[in-house]
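Notes to accompany the following structure.
Going in written order, the chains are labelled A, B, C and D, and every chain counts its residues from 1.
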Amino acid sequence: MPLMTLQEAIAAHVKDGQTLALEGFTHLIPFAAGHEIIRQGRADLHLVRMTPDIIYDQMIGAGCARALTFSWGGNPGVGSLHRLRDAVEHEWPRPLRIVEHSHAGMAAAYTAGASNLPFGILRGYLGTDLPLVNPQVKSVTCPYTGEALATVPAIRPDVTIIHAQRADRSSNVLLRGILGVQKEAAMAAKHLIVTVEEVVESLDAPMNAVVLPGWTVHAVVCVPGGAYPSYAQGYYARDNAFYLAWDEVSRDRDRFRQWIDAHVLGVTDHAAFLRSVGVPSTRDAAGPGEVSA
Amino acid sequence: MTVQWTPDEMMTVAAARLLWNGCVCFVGIGLPSAAANLARLTRAPDIVLIYESGTLATRPDVLPLSIGDGELADTAVAVIPLPEVFAYWLQGGRVDVGFLGAAQIDRYGNLNSTVIGDYAHPTTRLPGSGGAPEIAVHARQIFIVLKQNARAFVPGLGFRSTAGFLEGHGARARSGISGAGPQAVITDLGVLRPAPDTDELQLVARFDGVSVDDIVKATGWPLRLADRVDVVAAPTEEEVHILRDLHARTRAAHGCRVAVPY
Amino acid sequence: MPLMTLQEAIAAHVKDGQTLALEGFTHLIPFAAGHEIIRQGRADLHLVRMTPDIIYDQMIGAGCARALTFSWGGNPGVGSLHRLRDAVEHEWPRPLRIVEHSHAGMAAAYTAGASNLPFGILRGYLGTDLPLVNPQVKSVTCPYTGEALATVPAIRPDVTIIHAQRADRSSNVLLRGILGVQKEAAMAAKHLIVTVEEVVESLDAPMNAVVLPGWTVHAVVCVPGGAYPSYAQGYYARDNAFYLAWDEVSRDRDRFRQWIDAHVLGVTDHAAFLRSVGVPSTRDAAGPGEVSA
Amino acid sequence: MTVQWTPDEMMTVAAARLLWNGCVCFVGIGLPSAAANLARLTRAPDIVLIYESGTLATRPDVLPLSIGDGELADTAVAVIPLPEVFAYWLQGGRVDVGFLGAAQIDRYGNLNSTVIGDYAHPTTRLPGSGGAPEIAVHARQIFIVLKQNARAFVPGLGFRSTAGFLEGHGARARSGISGAGPQAVITDLGVLRPAPDTDELQLVARFDGVSVDDIVKATGWPLRLADRVDVVAAPTEEEVHILRDLHARTRAAHGCRVAVPY
């Protein structure tokens, strides 16, 4: 039974220098896990993620990363990720090597990783300069038609971390809603950590739901609100105001450091983080009926 | 009877008018998403909207702020894994129109959304290309929306993130890229389309109140004019009304305070 | 609105000489559609299916097929497909070219077809004689590791036919239960025909259910019991007795012909087939409450 | 106290005993499926059973007759598309034991389930290999169940459907195939395992009441004996009882007349 605390899970599985994927396409982004990695001072990580989002902006700004593999590095609906930009443009707080793909290329690379294939193929990168700056993009010739197809090397993270709605006591994990590449990132990883909104007796998953069976999961951690400020379908909505506010916080190095000191390094866990940034709890405010899926 | 409208509204309405009922449209976030949903709520009720987050045939009541808002999942016919979106739906050839934005465009409709300056030591690191490189080649055609000024409409791109007509003059077709490429660029001033022989974007229509000269000045290369430059019909009362309602609903929905069960 | 009768759908979309896939892995096998193809006298078909099952035994025995691409050609839980064997061993009723894969190879080939790739890759066929008898199995070299990987050419049927539980009035189709390669076979096809147990106002599909959106479907046909003697999860069970009895029926050419004459060619539609083989209807026997999903 | 048992029951029990709690087992239909479920109902309650139809961690109450019975879906933790089974789960390296049958086997554990006679003009066309070629290479090890007689245990295969140890003497390991291959062959007479040096299958155990000589005669090649040939412990009362209950439940369930809503 790999149910443990987030501190234990990160301490046990995440090591300096590893290749690490925190996935979640706008939805179910594992913020709590990212913060714990910052708190434990992990460094030299090669971060992988299709859409770095605020969580990687924070981890990069906090100095956790030496490299980033990604395909779109913005603040969704807002604009730039200023800490990512500062690292790429000014090597602050340290140089960041970037490995840049398209979404389709990243999807093919994760799928190859999940399939234990050394590479994925796609009709991709045509007419773009990406292969000029990312030597990982190569090609193979179709043995039937002679066509050239783009290839990407498989992504096999040392550790993948995802957030999901529910796990049961056998560590079976249910994801619902927008799925991104989480299933592939989970299957591609050597170690898989899942944070969940709640641990239940029975998943009550509908037929053909996306369930990661327990024996693929190395650690399950119950972290209510663990995807905030992104969202968990059926539990809470995306806090767009946080994403907007991050634009201001992250523009300035000092203000960013103060924010990390106050809200990540200065708190002990995710509940304390949520309180420190003033997120109302439905458990304080409402009758039990209001906290529903 | 005419209504007052802003350039952003005109741009959205002009873009929406390019879509047709039943069209399968791969939608980027922001203005493309507003235009595609305006089309759905007006002329094209059966338009099929696909967002790269894996929401197929979605009918959001409010505009998503991110490409993966829960609203898109709640109202979709199917919510599928992202690799399938790109492999089965986009690369599979099931998309009629890809609807893109970008930071910069050149005269052949090539796009830059990656960097300004040297790639290794950029002046400005932009978010990157995301889904666009493959949308631009696999969708049967693409439409681009982009505010028009000389910083965005540039004579040459420092980085080509997404293929338009490459070097023009048939280069795209000769390269083996399948889709027909950028067939319309909708700006806040007017509409550009590729010339059949050279693939060069040329002005085919201007918005009311905007002069051809204004548009030429807002373009970083010597903009060619089509034989005839039309005036885009002003937004109808219905178009403006529905668009403003959509934005009002969106603001109301996104203004709610988020509470979390912790 | 592509809702039409089965006669119309087969007449409109299935032509002599085509490559045709009727998929369904034990579950949801489109028997009704196969029978209609026999009734309409289609010939020279290249049939594709991972597990030919009884339906292809019948189509092959009836003379519809010139070729078969497959990976396991038995009567599940029973033994041989005698009509398939007779065609391969004795060219009766006509020679049958076979293109033989493993399941993993077929899955990769359909996935490539659905993805508009000319080929699929797998770590497959290692140490087997299959590549000696199927020249379609080739290899590529990984541009990163130098490893050789097996390749299969994409399967792109002219027509794919599947059976599903429900469609709505916009031709959106819901499949639930064991999925086989139906999604991939559907996406790989130039034309897609779906027979369903029922057409409903709203699919009421759970989040992340397997739904084929309406604009991918060229014809939806309502055929209750259309997967019998295989099954439709939530509607009716597999008729194992039919599978056992088929072993006897199909051993002998004359007895097979008589069966086809009586139960396929001699009836007008699938309801008449079900009556002719004595399948009880829950609509005759029971109150309305008993016919439930 | 001893119970009466049939060779089929002994074979199933002996196969079941090879499985352990927590083992991830990719199960073929028929006897492998009976053995795997017997293991689950006795010594290995947390065994993980995967059927190639896409049912993960399934716990059927009755044995499936086909690889894709509804019972498997109803009791599974997850029901996934078949391509994912082969790509993510099997090729992905997540299977401990592949449990296979076949029509013929040779001394190196290679299997034929394709044809007897010439491939193009076979004497007997068998069903084919299905999932076995990749199960045999990607599972960490495989177990084979097969009734032992000279028609099935042959000196040479006309067609190799599935790789065992190839030509033996380390050929499999040298070929780059990842899994350890056939580590046990359970027949209705006894148990064979590969010799460490040659990879040749040798008799390591016989069932009670079966002589070594019987087994040698039922083998189409000169069967080698291990240094010591054990006697497999007879089925316990519990094993026989649970197995017969399972078969009785299965017969009852499969004897129901099927009615269809038409």
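We take it that a contact is a pair of C-beta atoms (placed from the backbone, for glycine too) under 8 Å apart; a residue touches a chain by one contact, two chains touch by 3 or more.
The structure displayed is predicted, hence computed values, not measured ones.
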Third chains touching both subunit D and subunit A = C
From the C-alpha centre of subunit C to that of subunit D, how far is it in Å?
-> 28
Separation of mean Cα positions, subunit C and subunit B [Å, integer] = 41
When you check subunit A against every other chain, which residues touch at least two of them?
-> 111, 116-117, 122-123, 177, 179, 184, 207-210, 233
For subunit D, what residues touch not just one other chain but two or more?
-> 73, 79-80, 87, 91
Pairs of chains that touch, anyone?
-> A-B, A-C, A-D, B-C, C-D
Subunit D residues touching subunit C - in the complex, by the definition given at the top = 29-30, 52-55, 64-70, 72-73, 79-83, 85-87, 90-91, 110, 114, 119-134, 136-138, 159-163, 166, 172, 175-178, 254, 256-262
In the complex formed with subunit B, which residues of subunit C make contact?
-> 111, 114-117, 170, 172, 184, 187, 205, 207-216
As the complex stands, subunit C meets subunit A at residues 116-119, 121-123, 138-145, 147, 149, 151, 153, 175-177, 179, 206-210, 233
Residue positions on subunit C within touch of subunit D in the complex are 25-27, 50-51, 70-74, 76-77, 80-81, 84-85, 88-89, 100, 102-104, 107-108, 110-111, 122-130, 133, 177-181, 183-184, 197, 210, 224-225, 228-229, 231, 233, 235-243, 270-271, 274, 279-283, 285-286, 291
Subunit D residues touching subunit A - in the complex, by the definition given at the top = 22, 24, 48, 56-57, 73, 77-80, 87-88, 91-94
